[in-house]
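To start, the structure under review is shown below, and the notes come after it.
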Amino acid sequence: MISEMKKFIISKNELKKILAGIVAENIKLIAPVSRDNAFFLEEVSDAEKIAWDYSNVVKPVKEHIFPMREVLLDFGRGTDPPALDEPEARSSGKEKNPAGNMPPVKEQVIFGLRPCDARSLLVLDKPFLQEKYVDSYYKERREKTTLIAMACLNPEKTCLCSSFENGGPFSSAGSDVLCVQTGQDEFLVEILSEKGEKIFKNPSFAQPSGEVLKKLENLKADSEAKICKALKVPENLRELFEAGTWETESLSCIACGICRYLSATCYCFNITDEFEQRLRYWIPCSFKNYTKMTSGEISREKKSARFKHWYFHKFSYHKDNFGEYLCVGCGRCIKYCPVKIDFTEVLGKIGNSKQEQ
Amino acid sequence: MKIGVFVCHCGTNISAVIDVQKVVNDLAKMPGVFAMDYKFMCSDPGQNMIISEIKQKKLDAVIVAACSPCLHELTFRNTLIRGGLNPYMLEIANIREQDSWVHTDRDKATEKAVRLAKMAVAKAKRNQPLFPQEVSVEKSCLVIGGGIAGIQAAIDISSAGYQTVIVEKEPSIGGKMAMFDKTFPTLDCSACILTPKMVQASQSKKVKIYTYSEVEEIGGYVGNFNARIRVKARSVNMEKCTGCGICWQKCPVKVNSEFEQNLGPRKAVYVPFAQAVPNVPVIDCVNCTYYRSKRQNPESKGLCRICEKFCPAGAIEFDQKDKIIEEKFGAVIVATGFSAFDHKVYGEYGAGRYKDVVTALQFERLLNSSGPTQGKILRPSDSKEARTIVFVQCVGSRDESKGVPYCSRVCCMYTAKQALLLKEHIPDANAYVFYIDIRAAGKNYEEFIERVQDEYGVLYLRGRVSKIYRTGDGALLVRGADTLSGTQVEISADMVVLATGLVSNPETVKLGQMIGIPYDKNRFFTESHPKLAPAETQTAGVFICGACQFPKDIPDSVAQAGAAASKVLGLFSQEHLMLEPVLACVNQKICNGCFHCRAVCPYNAIDEEILKDKSVVARVIESKCHGCGNCISACPVSAVDLKGYTNEQILEQLQSLR
Amino acid sequence: MKELIDKAKELLKEKKVETVIGYREIRGCVVPAYVDSPCDADCLIFDKRCVYNLANYLKWFKNKNVALVLKGCDAKSINVWLQEFQIKRENIFIIGVECYGVMNEKSADAGLSDKCGHCEAHVPNIYDAVIKHQGDKKESVQGEPFKDIQEFEKLPHDERWDFWKKQFEKCIKCYACREICPMCYCKECIVERNIPQWIMSSPSVKGNFEWNMVRAFHLAGRCVECGECERACPVNIPLMKLNKKLIKEMKELFDYSAGQKEDVKSAIDDFYPEKDIKIDDKMIR
Amino acid sequence: MEEKKEKNGFEPRLVGILCRWCSYQGADLAGTSRLKYEPNMTVLRVPCSARMSPLFLMKGLTSDIDGILFSGCHPGDCHYISGNMNARRRFVIFKKLLEFAGMEPERIQMSWCSASEDKKWADIVDSVTIEVKKTGPNNKFK
């Protein structure tokens, strides 16, 4: 239940003024930007450049909490460390952050992400912030990030966020502030956490009238109606490991890295040393060399085995370890797959395939 | 990995411009690197110092920052062997030829020396011990060119018991020397000293002579060359022919003889000169009436065939075909000689319009008793005796504008000899020599010139000939200057002899590219080192001698022929040859079998191999690979690498400049 | 499409091939189809939406005998494969399809993709059977093929650099462009080599620039301009612009275009001392 | 445009990759004949110009070297018969690709320089240094 007190109506330019205020306080503002008819969450210096009419950004928000390439350690030879050309800029300075001799992370506010991405961070918190093994790099960035989500008014036909219990185009799980565009120039903003409080410091804006609340309800209803895909994971998935249909389903897959990288919740990474820096960067389990051991032996060499592993990690192993599926239904893996493989269909086919001995 | 860097002062050659101490200090700062310097690293104490450091500090690799690797790479490799290290763990930073000698700014040169040394260290870190490959040696030598140099080399090699093959383009061996009348300074009759050598070569069991034939292709490498020789059809059966000469007496066709420098005739079937070896004629298909008629209509029986009728031994074979001979050789000696400069480019000397302006070679033929005029000196235009002859020096030599900047070394001497022989034939003839400087730098050469001037009264005029006119009565008016007396001189002469310079054989470029040996801008073959290795080339197993390396007189040609022969004998005396281990090797786990490497390999040293999992991959044939690295740049996944210059090393070298 | 289905059934009945790889339509979009038995060959279709280059799937069918439904531009890749000894011609049965342009998925109006604008391989140049084209045979020739390349070349070099730097910054190194391209069949790509590390594997400006340059260079004289890499790229990097530049250069300098014949040496490995005179000597001192 | 570093203060870092049979000998000959030229170029010796894979061009320019020169034998003189011809094609294609991507053409050069052309070698080094000095430092990957 959204408590009355924390909700209010705000116009577009006021929202832009607040965002400009964030940039003024030397906090990094990340917002969706349009580039070659695709949208990306990028650092934005002035609020004008923000894109408003987009279904979802290409790269999920995990990109800003668990970056594609992160320098863990820098053992430069005394001369100033070679250029850190990472996607997001770092504060210059030489001070060391707790994790190693890397400069600390800047405060950042991510605006305009979708509820499914916001929820994906909740899912990712589980593996990264377990009590025994806390990933300090992730933890530092996660604490310094404020999420302002924008509710989905018209989800795409590849979205299936409503198949998850706290999912849905208007779900507020995981985000600090949820905005809903109720009118052409009217936003219903709802504060959900103290971090959100800090952004909208003096809520001197008008309270939402009953009529706006009703408009919110039916916006929510017909947005949920637009979602036509549903996830149905077969219960006996573990026994279906040997099913022959994995082989035929994986035939058209080309084993690229798109569904792994663009999935909002995939988090596998590789660590290597380059130019006196220890780096951590994403690596997809679809590549042959993902399971290459020092002996040169590759355990999952066949394409169908690698294809199958992705399903089992998301819908079987992760559920056993952390109690929920490693998926938020953002639908990117369906939308961007070059050969248009739809994992919900594959799960359906695997589900009703008989258990071959 | 412990690396030792030894920086050389080279006396003051390096230390004059480069602050050697700073280089040593900078290098010593690098992890795992020990650096020191010494005045003369290549000297014995220098090398012993390296050896003791290797043993004492247990070094794994040695860097010598000194002169160019082309000079002392071998010396320092042997030092490493004596020090107990693999010779290929050596890297040389060239801080003399490419640093101290070419830069003046002291600290920039020092900084460059540090960069060069650091690059060498980066490469040495990735060096692997390499072991030269043993390869068998084919104990037979190919001599290209049958002039005096080629003959002398063949005689020296065959006398040591090794098989030799001479390939000569002309119908007979002997080359240009066979054309000369006498030789300076001893005035020996040229044929008298040449023919014994030719006969000795032809009768030796160890020498095979292919005349009227050319080398078409040479492949392989030192110790294992394979050559394809095309023996052009002579249309005369070599075994049957006795050399009686009836055929060329009866032959009706008369053509200008190249051997006589177009002063005298020869027949369609001919032997270039009387003492030809082999003394077997050749039928010139271009001018022979039979072949011309056969070309008009191939079906007809063909005209003439007089030589076939009169030949007592029935040796004429009109349907003889070119023979292709494939043979294996261990070494190649190139002795293709020189050709005379074509003086027609000089307008002031008549540009070839005046018949009485002859070249020195033509005058040599006139002097020669077996020449077209049986030794009488007659003017080619009206064959009257020539009483006044003017010799013009440096025609086609020392002349930048005509593209021959060098001095041909022999013209002064042969002109003096020709002037002397003129005075011997016609005592009261008068000879004038226009010269720039007389170059007589051989044994008894200067005395010979003195004798020609004093005893025979040949008049030497220091100056160039500015113009040669043809006057009404057929005499030649030669106008020149005499700088010593400071006056213009005009001589009315019966004949003018141009001392044409020596230029390279026109086949040099084709032959050089076929064998893979470089030539310089005057198209003479480039020797391995101008001072220390004049008879060798950069390609192992290929040697050069005679005028094809640079114009030289007969004594030098013979001496260089002996040098080349001794190098070949040194090569043949080894049972096995050590081949450079810088070869390509394929990582067959990564190879896709796309064979881009085989497509670019100039030596097709890559063939297929089928692995256990039935995939076809590339394999380098070690003996054929020359280590050029073409396949590495062509391979998309760089599955193939070159030992000694691996990708990793070159990338490290590029990174070392960061 | 009846002809195509009959052909597939005939091949499968006579056991000439194990599988037929073609196109199939499910839930409104076209996906690659694998037909093993004659009875389910009815799903095969061919129309404007069949954009995939099915020759790419030979990577996983190397020494099995297989039938492929190939358009003109895709069939050229078979020529390059044969040129590089990757497959044996007798293992492959090529069902050539006469094609007059396929859809450009990324453009809003779903018009023809620009490779089809100047296509001259309506009928494949290598095939075992040809399926005639039913629809209208409009020859859509849109002017000079390399016009956009020439315009881009006229820009000053730092403007070009900024353009490409912004494009390469987007690259997430998912290697979809490599996995979808039939020419990238290497057992172990150069990107995965770490001794020596030619290309930084992490997605940084330097790493992405190196990756895209090496990938484009490896396609010099081999890219058959099927346009799959640009279609597969999730972040819309104009990869075909790089490839087209190389195709233009190979045409101009060595008048060689990829995939015409299979017994000729690839232009990048070849040389003619005289004919290379088109390389103006400004390039080499 | 970011402000160009003060031009004559900028000392370009150049790499010359020379084939050992022709260009390296030519460079040595320039040494023995005491010709003077700019000290910015560090020379790297490889067996043949064919060994110079174009990828070294890319790796050099991304590891902040300001200019790279490949130098080999004249067409026809190659010690390995056709090495320089293959190298020429690969170089030209890769240079056109890098130029297309926005790299200044002066940073990537190739030259034919035989064992006897010492004067030519000195001129090549000087003109490459001047050209790269004019184009400024290679800060594309900073």
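To keep things simple, chains are lettered A, B, C and D as they appear, and every chain counts its residues starting from 1.
Basically, a residue touches a chain if its C-beta (ideal position, glycine included) is under 8 Å from a C-beta of that chain, and two chains touch if they have at least 3 such contacts.
None of these values were measured; they are calculated from a predicted model.
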Longest centre-to-centre distance from chain A, chain (CA-based): B
Most centrally placed chain - per-chain CA mean versus overall CA mean: D
Distance from the mean Cα position of chain D to that of chain A, given in whole angstrom: 47
Approximate Å spacing (C-alpha centroids) for the pair chain B, chain C: 52
Centroid spacing, where centroids are CA-atom means, of chain A and chain B in whole angstrom: 74
Between chain C and chain D, centroid-to-centroid distance (C-alpha), Å: 34
Residues within chain C bordering two or more other chains: 188, 197-198, 205-206, 268-270
Chain A: positions in contact with at least two other chains: 85
Residues of chain B engaged with two or more neighbouring chains: 589, 600, 634, 638, 647, 651, 658
Complex contacts: residues of chain A adjacent to chain C: 35-38, 40, 58-59, 68-69, 85-87, 248, 251-252, 254-258, 260-262, 270, 272, 274, 279, 281-282, 284, 287, 289, 303, 336, 338-342, 345
Partner chain D, residues of chain C touching it in the complex: 152-153, 157-165, 198, 205-206, 209-210, 212-214, 216-217, 220, 242, 245-246, 249-250, 253-254, 267-271, 273, 276, 279, 283-285
Chain D residues within the chain B interface of the complex: 11, 13, 15, 17, 21-22, 24-25, 27-28, 30-32, 34-37, 39, 42-48, 50-56, 59-60, 63-65, 73, 76-83, 86-87, 90, 114-117, 122
Contact set on chain D toward chain C in their complex: 1, 54-55, 58-59, 62, 75-76, 82, 85-86, 88-105, 109-113, 124, 127, 140-141
In the complex with chain C, residue positions of chain B that touch it: 589-596, 599-600, 614, 616, 634, 636-638, 646-648, 651-652
